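Presented sequentially are two complexes of chain A, the first with chain B as partner and the second with chain C.
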Partner chain A sequence: MSEKPSTLFVIWALIERDLRTLVKSPFILINRTIFFLIQLFVFAFLVSKLASSLGFNYFEFYSVGAVVSTITSIAFIIGEDLFEEEELGLLDYLLSLPFGHSLFVIGRALGGAVRGLIYVTPMMVLVAYVDGYFSPVGIAGSLLVVFVLATGISGLSITLAMMIRNANRFDIVIALAELATVRVSAAIYPLAYMPKVLQPVAAYSPVTSASDIVRAIFLPGYSAGIYETVVLVLFVAIFFGLGSAFLFRKIEGGRFE
Partner chain B sequence: MAGSNKAADVIERDFRVFFADRYMLVIMFINFMIDLGVSGLSLGAMINNLGFSYFLYIAPGANLITATVAAFQSGRDVWRERIIQDTQQYLLTLPVRKNVFAASRLVSGMLRTMVTILPGTIVIALLYRLTFPFFLVGLLIMFVYSGAVAGLSVSAAALANSLELFATVRSTAQVYLSFFSTQFYPSSILPPAVAVVSAFNPMTWAVQSFRALQSGTVDLPLFAPLTGLSLALMAVGFILYRRTMNY
Partner chain C sequence: MIEFKDVSKSFKGFVAVKDVTCEIRDGEIFGLLGPNGAGKTTLIMTMATVYRPSKGEVVVNGHSASAEPDSVKSLIGISFQDPKYDRILSAREILEWHGKVTGVEKPLRDKRIDEVLEKFGLTAEAKKRTWTLSGGTKKKIENAKVFVQRPKIAVFDEPTAYLDVPSRLMVWDMIDELRDEGSTVVLATNMMDEADRMSDRVGIMNRGEMVQVGDPTKLKGSLRGRDVIEMKLDVPISELAGEVSKVEEVREARFEGDTLKIVLSNGRGLLPHMINVVTAKGGKVQSVNLKEPSLEDVFLYYTGMKLS
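Showing the complex of A and B:
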């Protein structure tokens, strides 16, 4: 029998496989791009007209949130892929390949994040241009922030895919998770305008943290720092662990490692 | 067995599938409440210079979007039978005429949608302080709208040969219904091109019909385009679904 493949090789193979899936899914790419452009140039444009009495430019605020919510929604697709693979019986084959389940979760979560990143890079550049921000280093930093967010969201999505058995329920739960993570955050409206009971929850949201950091980079008058970074990193760590644990339970029927 | 009984059997089967997972109804209601209670209230707090409550203005839209999601769940069942479970051929061997079968699926999609949005419609009726007769008119608006989205969802189920394509059509329909309508903004501020597109959007007519109830009027001229669009979309759904039955 040949040698066990190296960790890096396995992760790269998993990422490459997810990228191939993305290339084979042109409808999703086209659809999400159009959705983003409509969100920005129809919804945000018109709502910012209605919200003209605010003390800040809502269009700029929303533009950053639109990129963050788009990568969030793309990162959720990885769970849908896993669920479909499970339905088709392909997941059992993938899990029989010669590497650990933790590596599988890491590879798939990174795969989901990398394809999200490839996908939103043009959007991030467009938003930077629209918001009058032109530093390549800042744009690269913003892409790193949304990549970290997408990795955590992918882990969350994988966790849900492993927990739910019914296709219809999965469909609804994933839509609910996507809705909750984006709406209960400061991605598309400032925390101060959210219902008071939700403000503390939204303050701990990784989507809020990612949006705040990118706004602090792109837009004058916004700030973010260590706290937002810690929330993001914790979120990724938690869902790597949970995704891995649920996969382990699926394969072995055993306890969490 | 009479044709109507057979239609009832088809609808009953769809409801059995629907009620197989009762948590779905709860989850859909939570979905609606997030839309209304988080996005609605937040946007309502931000936009407070219009001379009317923006929260109440966008509230019916949250329920109509839930109706869209519910209708596409029915479409997803049709799609799964066709593509994943491969049970459509078996279903077509049952002693039900194909036309009756196709029409019944559309009607069951509408009825399932109505069951899903009933709690949301009650919430909106309470917010709008509607009398019981007006609440019933509200339900009628939702029923007519559910025909439009059931037609769209069955069309998507009939056309899509992959989950990716079905999901794409579903989200395209949701974007079209939400952003190219008067769900979030009055028609007076729409750019001309968007205004034209929004006139062919059932959401526009449904949401405006519902808003009219708040002022204590039933705006019949808004019903005509809503009904026309719903019938047209149901006819498209029926034709496309019926086509998948010809081998």
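Showing the complex of A and C:
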């Protein structure tokens, strides 16, 4: 017979499972890496030349935004995973394992963030290098910022997965949410150049906040402070809490039937 | 001991399990019988705390499944009807993770994984992604999770579906072995031969209800008057049917061609007497066949429907 595993051990096991499945999907990893590299060294490089007359280095600006956008996309996958697990009945198996439902929820949300973090760490180091920033502490700080963002995005993704039952509808909603989260933000273009109607929305975007904080760390001439931090933390608190509550409620309510 | 106390489970108005009350004793193999949709899996999921009962209570080794789900889950291991694991992972990775998360220590885990993979003949395929494997192999991996875990309460939902005959025998042996080591086994199946061979007791479910619980032999014996003796004679003698009908236990006797068909209770016990009656009246018996009620007949009797 076996012993009941500890809380930390279970959370780690759930995170490890998410990492294993990510590593086993090289197509997704390669696809997103190539996309990132092309965006950075082709798109950003070219647009940077076009935008040089605007008086700022778009390549540097975009490089940080590309990392933030990438971790946002990866954090969204957790909702797709949960949706698929529910459809395949895999959730029944996971919920039958010897740990509480609340621990399961925490493990999954953190798993989504951790795998995003592991995936973007080399990208973040590459971006720091091309931007001429070499402080390990600053790079670690920027990774912490994107990890916090990914935790909130995981929560948002889980919330959507729990609210929508139809698979096709879920695919559309998750794609739109991902698009809106990244595009209606200052991740890949400055707020000042966005349509005026979107500027107030983008200003409150956690993706904007995370991008601004990382830029403030890496790049001279950029600043971020309490406001960005508060937006980011609030976003995480709301959606990590909401995602967990939705998942927990639906598990307890017997939705996965 | 597992106690189901007036357990019901509904899903948006659909009653999947209705007022089930029964006990599963420590160390027994309990066969849970019923056609697809009878409520077997829902009952198991309620016991495993995946579903919360709409009514009633499940108590596992003194722990309420609703109030102490963590304590209950730490006792249970389930092999699901349809394999439930990450198909992008290999068999070894699946078993490794399952063993780890269910608290099997590393050295023991490795030993058990090697043993189970070898027993199932999966050593060569242990590193392949499981989605590339056959249905039978996937099912073996699903069963293997429980054999690696070796829980106090092992649940197998249709454990031999998709398996060939040697693999079925292997799984049966391994389940027996698990029970011999002290595990209680819940075996949900709609294969009567499997239930008959494996179970110490069976529970028959139909349309969400537990319609009968008992020892398979006793349940079969409870169907009085349903044994059939078929005696093939060299020449049919019409008055023999009337003669054997005089025996109290005989319900019906008639000739079908040159075969005297006798429907009666206690066919096994009365077989010599029936032969004596026939031969005493000049009948020359060429062959005799005794048919006793099967578990399927028991199911048919209590539910009014066939399993398949």
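As a convention for this text, the second predicted complex is superposed on the first by the 243 of 257 C-alpha atoms of A that agree within 3 Å, B and C clash if a C-alpha of one lies under 4 Å from a C-alpha of the other, contacts with A are read in each partner's own complex, and residues count from 1 in each chain.
The rule is simple: contacts are C-beta pairs under 8 Å (C-beta built on N, C-alpha and C of every residue); 3 or more make two chains touch, one makes a residue touch a chain.
In this text, all values refer to a predicted model and were calculated from it rather than measured experimentally.
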Query - Touched partner set for A:G55, first chain B, second chain C, both or neither - result: neither
Margin query: According to the stated criteria, A:A13 is in contact with first (chain B), second (chain C), both, or neither; which is it?
Written below: second
Who does A:S25 touch here: chain B (first), chain C (second), both, or neither? both
A:G100 in the overlay: touching chain B, chain C, both, or neither? Say first, second, both or neither.
second
Report task. Report for A:I172: first if it touches chain B alone, second if chain C alone, otherwise both or neither. Result -> first
_One more residue to check, A:P200. First (chain B), second (chain C), both or neither?_
neither
Counting residues of chain A touched by each of chain B and chain C, the higher count belongs to B
Requested in this report: Using the superposition on chain A described above, determine whether A:K4 touches chain B (first), chain C (second), both, or neither.
Outcome: second
So, does A:P136 touch the first partner chain B, the second partner chain C, both, or neither?
neither
Chain A contact set shared between chain B and chain C covers 25
Listed in rising order, chain C residues that touch chain A in their complex are 9, 11, 45, 48-52, 69-70, 73-74, 76, 78, 80, 82, 84-86, 88-89, 93, 97, 100-105, 129, 149-152, 182
In the complex, the residues of chain B that touch chain A are 21, 23-24, 27-28, 30-31, 34-35, 37-39, 41-43, 45-50, 54, 69, 73, 76-77, 80, 84, 163-165, 167-168, 171-172, 175, 179-180, 184-185, 189-190, 194
Touching chain C in the complex, chain A uses residues 1-5, 10, 13, 16-17, 20-21, 24-25, 88-90, 92-93, 95-101, 252, 254, 256-257
Chain B partner, complex, touching residues on chain A are 25, 27-28, 30-32, 34-35, 38-39, 42-43, 46-47, 49-54, 58, 80, 84, 87, 166-169, 171-173, 175-176, 179-180, 183-184, 188-190, 193-195, 198
